[in-house]
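Alright, structures below, take your time with them.
There are two complexes below, and they share chain A, which is joined by chain B in the first and by chain C in the second.
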Partner chain A sequence: MDNKKTSLGGRLASSEAFLSVAASLICIVIGLLLGVIVLAIINAEHAIGDGLLVILQSGIKSPRNMGTVLANAAPLIMTGLSVGFAFKTGLFNIGAAGQYTLGAFGALYCAIVLQLPWYLCLLAAMVLGAIWGAIPGFFKAYMNINEVITSIMFNWIGLYMVNDIMYGKGQSPMYDLATTKTYSLRKVAQDAMIPSCGMSDHFGKLQSVTIAIFIAILFAVIVYVVLNKTTFGYELKACGFNKNAAQYAGINDKRNIILSMTIAGALAGVGAGLYYLSTVAEWNPQVSTALPAIGFNGISAALLACSNPIGTIFSSLFISYITVGGTKLSTQYYTKEIADVITALIIYLCAFSMLFRSKIRALLAGKTRRTGLGKGGND
Partner chain B sequence: MSDYIIEMLNITKEFPGIIANDNVTLQLRRGEIHALLGENGAGKSTLMSVLFGLYQAEKGEIRKNGEVVRIKDPNDANALGIGMVHQHFKLVEVFSVLDNIILGVEPATKHLGFLQKAEARKKVLELSERYGLKVDPDAMVEDITVGMQQRTEILKMLYRDNEVLIFDEPTAVLTPQEIDELMKIMKGLAAEGKSILFITHKLDEIKAVADRCTVLRKGRCVGTVDVATTSKEEMSEMMVGRKVQLVMDKAPQKLGESILSVQNLTVRSKRHGKPLVNNVSFNVRRGEIVCIAGIDGNGQSELVYTLTGLMKAESGKVYLGDRDISHMSIRERNLSGMSHIPEDRHKHGLVLDYSLENNLVLKRYFDKQFSSRGFLKFNEIRTYAEKLIEQYDVRSGQGPVTVARSMSGGNQQKAIIAREIDLGNDLLIAVQPTRGLDVGAIEYIRKELLRQRDSGKAVLLVSLELDEVLEVPDRILVMYEGEIVGELDPRHTTAKELGLYMAGAQRKG
Partner chain C sequence: MFLLLKYTLLYTVVLMMVALGGMFSERSGIINIALEGIMVIGGLIGVIAIQLMPAGSSAAAIVICSVLAAAVAGMLYAALLAFASINLGADQTIGGTALNMLATALAMVIAKGFNGSASAKLEYSNRPFVYEIGPLTVNVFLFIGIVILILSYIVLYKTRLGLRLRACGEHPQAADSVGINVYKMRYIGVLISGALGGIGGMAYIIPSVSSWNFEVGVSGAGFLALAVMIFGQWKPFRICFAAVFFALFKSLANIASSIPAMAALGWTQNMYNMIPFIASMIILAFTSKKSRAPKAEGIPYDKGSR
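Presenting the complex of A and B:
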């Protein structure tokens, strides 16, 4: 146990945090390299200059682009937290998209129809998301119905229900016939907009840059504390690691399953609130026949961060960054979806992250063993 | 021709971080029964896996009839006439005995490959006759007894004309009567010229059948001895490396009031509605160890699950002291004075991915001592864990922060025992607490159970190990098909009598 004298390599090799970060970085680098190959297959001439470099540089090229990265990262952090939180409890919340949809409805309804201030709108988004997460949790806990199946069904139920209410055959008070979207908050509900606190001035007057990113980071910290410092987090993780042992220890696993899904839903709901109340976009009930991608990208963000809440902040920023890069690609050579392809490659590689971890560990530990020999063995 | 049919010379097999076999030599004579003795983790299974082609040794060579052979996989082993009965049988449950025996070497017509079962059946019946291996070739494996399943496994080897037969802990799943029969079969096989390698850690069985015995300890070969001229004590000392006291000195009993009282408890299977626990009544008093004996799967697990709250009873009452706990939650039962060392330490006993300290507070993390306002007190948990680790001698790589998964089975079990005993509850339910552990750990755990008894606690022990059933408790209750079929006094009973009850051949109200 006398580890104080062991070398830096040895300490890093036994630091889980370092290994996770290093493994994720390796995933990213290899993913980008494979991405270049994909770019080269599509259009070899422009793969580097008009492909990879655009993706990698656009995010910081202008203050406006940086603003876009931040504005898109905030909701992604929330859905990433949602998925990651459920993962820690041994549940796969593929329903973040549906909870996000309900959250969007809650936020926009309170904003446009009820004319409530932004924080109450955000609260409404949270509550509706929570309800939409709790229902699959309930089915899982009491009827042992797989949460993946119910969540997927609730994604679609939520989407069409929300579309229907927001559109209301064109009569809905939320629907702007002129734009065929929900009313722009900038026009009808400025109180409901999340304050920018002057941030937009630093990002090329991009109005959608608000304190949303800080709210998301705050939630990440809260989730981290709950999971790692509280008895509740202890119980949730015990259920996630070994449901039987948790039961044996007297932990109420049914209650924890429902709570975990409820919280996951609330986090996804807040994500939608941050997005729509920052006026990044309006909801388009007639065109929105696909589930919001942010819900699923949350899975990527959580995987890349090994479900660590703090890691999710960075993984979300990264995904948001290369997604913005993707939109800047010249359509002459590539489509913007190439960013999704690269993200997907990175996520696939995350499946190897265990392998990378053990390789790094062996590499570092190997060095330690060699340097440790002279000092007379450390085991 | 060489004296030895199989020789494993200077075998070294390493796994990352551990040398499982270190320069081990084992020589098997033709027609002998050769026991391979060692504690868990001594390298017996690794050595046999090398012989059977499941692992490749880094150093050393294997010879058959004096010639060096290379065994790359079990097919090579089979071609050399080496067969193995694994501890967990490798049978297809929904196939008949005959189908299982011929599986992989099915006789078929040359063209079109139609099965020729008649021929196979003839051969199987011949073998079964010749070696006294009674089986019904047409019975489904799922319907036959464990003993018959084992005979099926043996017939599988014989059908393939194997001459070297490896038995991996074959008696672990059998009743005393079945063990006797197996011993007879093994002797018969040896008499017919088969050579047998017999892996075990039970000295009585070695004494009963083996000619010679090779002892392994911590991956090294301690020596090969003649069984007839070596005492059990000597062999056990070779195995453990020191003198072991497995026969317990018991202090005189000081019986107190009843702690656990079970009345007419019945549990039904959700799947087929049959009673798993049938109208069971008994009680356990302060200062005594009561042992539930029986063959695995006769309702012991379900009985314990019901007592501890993991399963719901259909009818009947459970009292802890004078409180009716029949409808309490698991947490309430734990807090009312029940400690539980579970049957499956990986499934129930530990959160394997949690650190040792987190596991040590698994039942009390919510205590005022370890949390306040919903936040865990990490310093208190660390201090408490260090105290228990010291007191119960739980060994691990990094102390309190060691991930439980990386600990050895014996130390995992010690951690559970430390946690459960330190709860200070009046009742301790210990289910197979020594399963899969080495002799040193077994000795420790049995002594700990006795210490609990002597300090005035009530202990309910569930065990499948005969020697444990006969030596540790003050009273034995035998369970058969969900019922308690007899109560025995361990001082006045024999393994044979116990076996008759366990097999359902005898019962008394």
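Presenting the complex of A and C:
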């Protein structure tokens, strides 16, 4: 019995998947604990009952809340996949926010101005996101400029450009003067809305619950298969591990850098499509002086999942879950940004996840070695 | 015209200080993408410090105390980056990104807590910081900025500390072999960037308006400073020049609509805001072959590796 347990420990210690999950869980637990401390500093009396428990329970309290979690998780999965895919190929796509912005423009333009059906709008979002991802890839491949810098620049260029077009000095066909946002698809372009297929009935008639979540999961599976089961994915990853070795093996590294940034951009673009075509919200071109948060939260989702596409589904659901929990905090005691603080703390801790991994491994392997010695004596 | 000059000076000082901060960090070998977050925290603490000063304090006391508070807050926040990237060897870009996200969220929580309301808007008096010289309005940060620029040059190129700092950014193994403590040098680099970033955040927020909504953070000024740093090729006086260029366009974005000749052009605010970013991309594309980026930046230093 004892032997079986330790051999399990040994096997776990060498299982990368287990170590990743364990390290991420540690990040989450420590992050939540630090969150409780923040809550306690603001208002010690209510930290647990009106703070932590609200954040942790609200997401499943009502069908409507569950619907909100799903509606927000779908785009987050896509930006998470975008960042994670780039990570796997050795690139840091901090430009997901910009690609997402372009995707939002593509989706909304096709929906409101061209009155296209939703799948074509989604395709437009994908193409525009892909273009905005390809640019940093091109700069990286042919001019050796770090993709982080280029992505940051193009985030802002994209944001200003999209805002300018969507607002168009108040004359743009997309801009609704009454709401100071883009026109609501529910009113002007119902064909462009992603179908709900009866989903919203199960989630308290929340209209923004659509099949978007399934589309996102489908993309996660596709990305997983491409990365792990195809030669193409292998080549992309090889470039990420060691560019020179990949080149030596006859892989076209320049082409691959551009391709992986393009795919990452396309994924982020789809994310925006899923968000705006599900009518979770409308774009506000006048106040948007900040880049869309979902783009940056994608970094969180990817890191928490160690860039694993399937893991990204769960990490996105989790982040969406505690964000919704944060909005349900009683404003009497706390503000909803506490959830953002907790997410950000978790990501900061994720930067240490390598350290956590090696600690867990040492802990598990240490046990095995000790009992392993005893076993050796018996033999 | 004076309005243009006023805004250009204001933004030049901000971008230059923050970019100089980034320069110190990167010359020591640590990529500091958290400048945006550091600015937010520095600005927030600076604003709170002004409010907490007892009524009737002299202008000089208010300026000195609040600027010091902003600098210290920036340093403490930057220490989080230093700890993650120097002690634990974490990925510097990821750590910096996390700190950027944390800063905006934390600033809102603190601002709302400080206000005791659901608004993250803090109000303050910027009277002690602003002076009228003839028809021109200047703020105290202009002088601080000039001093910092000169000091930066001297520290980086004329002192032992500067030489050692630069060595750690170019070839930390070589620096270590002659007895330089790489970890300590990198800490110094990051902490200086924290102090300058903190003051820069305050300089961005305080002089032009008398209330600030922390929901918007510092709306990308930190990233702009990052671009200024690259544009300035990690060298103090070039950074100053780059800051003027960027600031000019940022000011044009603010005032274009109020100048008839420019309003006639029909350019929107967004277009002016876009230009510095596009310009720096073009410059980057042309200069990338002879880029003077510190060679060892972004690579965690591990004593054991060869």
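Everything that follows uses one rule, which is that the second predicted complex is superposed on the first by the 363 of 379 C-alpha atoms of A that agree within 3 Å, B and C clash if a C-alpha of one lies under 4 Å from a C-alpha of the other, contacts with A are read in each partner's own complex, and residues count from 1 in each chain.
Just so we're on the same page, contacts are C-beta pairs under 8 Å (C-beta built on N, C-alpha and C of every residue); 3 or more make two chains touch, one makes a residue touch a chain.
Note that the coordinates shown come from a computational prediction; the quantities given were computed from them, not determined experimentally.
Asks: Based on the superposition on chain A, does the combination of chain B and chain C result in a clash or a fit?
Replies: Once both complexes are aligned on chain A, chain B and chain C fit side by side.
Asks: Should A:Lys169 be classified as contacting the first partner (chain B), the second (chain C), both, or neither?
Replies: A:Lys169: touches chain C, not chain B.
Asks: Which partner does A:Ala249 contact after superposing on A: first (chain B), second (chain C), both, neither?
Replies: first
Asks: Who does A:Phe232 touch here: chain B (first), chain C (second), both, or neither?
Replies: The first partner, chain B, only.
Asks: Per the contact definition in the header, classify A:Leu355: touching chain B only (first), chain C only (second), both, or neither.
Replies: A:Leu355 sits against chain C, while chain B stays out of touch.
Asks: Just to be sure I read the superposition right, which of the two partners does A:Ser300 touch: chain B = first, chain C = second, or both, or neither?
Replies: The answer is second: A:Ser300 touches chain C but not chain B.
Asks: Could you look at A:Val221 and tell me whether it touches chain B, chain C, both or neither (first, second, both, neither)?
Replies: neither
Asks: With chain A's C-alpha centre as vertex, what's the angle to chain B and chain C, nearest 10 degrees?
Replies: The angle comes out at 70 degrees.
Asks: With the two complexes superposed on chain A, say which partner A:Phe241 touches: chain B (first), chain C (second), both, or neither.
Replies: The first partner, chain B, only.
Asks: Once the structures are superposed on A, label A:Leu25 by its partner contacts, choosing first (chain B), second (chain C), both or neither.
Replies: neither
Asks: On chain A, which partner touches more residues: chain B or chain C?
Replies: After superposition, C is the partner touching more of chain A.
Asks: Superposed on chain A, how close does chain B come to chain C by Cα atoms? Whole Å, please.
Replies: Superposed model gives a least chain B-chain C C-alpha distance of 5 Å.
Asks: Shared contact residues on chain A, chain B side and chain C side combined as an intersection?
Replies: In the superposed arrangement, which is not itself an observed complex, chain A uses no residue for both chain B and chain C.
Asks: For chain A, which residues are in contact with chain B within the complex?
Replies: Going by the criterion above, the answer is residues 1, 229-232, 234, 237-238, 241-242, 244-252.
Asks: Could you list, by residue number, the parts of chain A that touch chain C in their complex?
Replies: That would be residues 38, 42, 92, 94, 139, 143-145, 148-150, 152-157, 160-161, 163-164, 167, 169, 289-291, 296-297, 299-300, 303, 331, 335, 337-338, 340-341, 343-345, 347-348, 350-352, 354-355 of chain A.
Asks: Over in the complex, which chain B residues touch chain A? Could you list them?
Replies: 308, 310, 329-335, 340, 342, 347-354, 358, 362-363, 365-366, 371, 374-376, 398-399
Asks: How about chain C: which of its residues touch chain A in the complex?
Replies: Interface residues on chain C, with respect to chain A: 33, 80, 84, 88-91, 93-95, 97-102, 104-106, 108-109, 112-113, 118, 216-217, 219-220, 223-224, 226-227, 230, 268, 270-271, 273-274, 277-278, 280-281, 284-285, 288-289.
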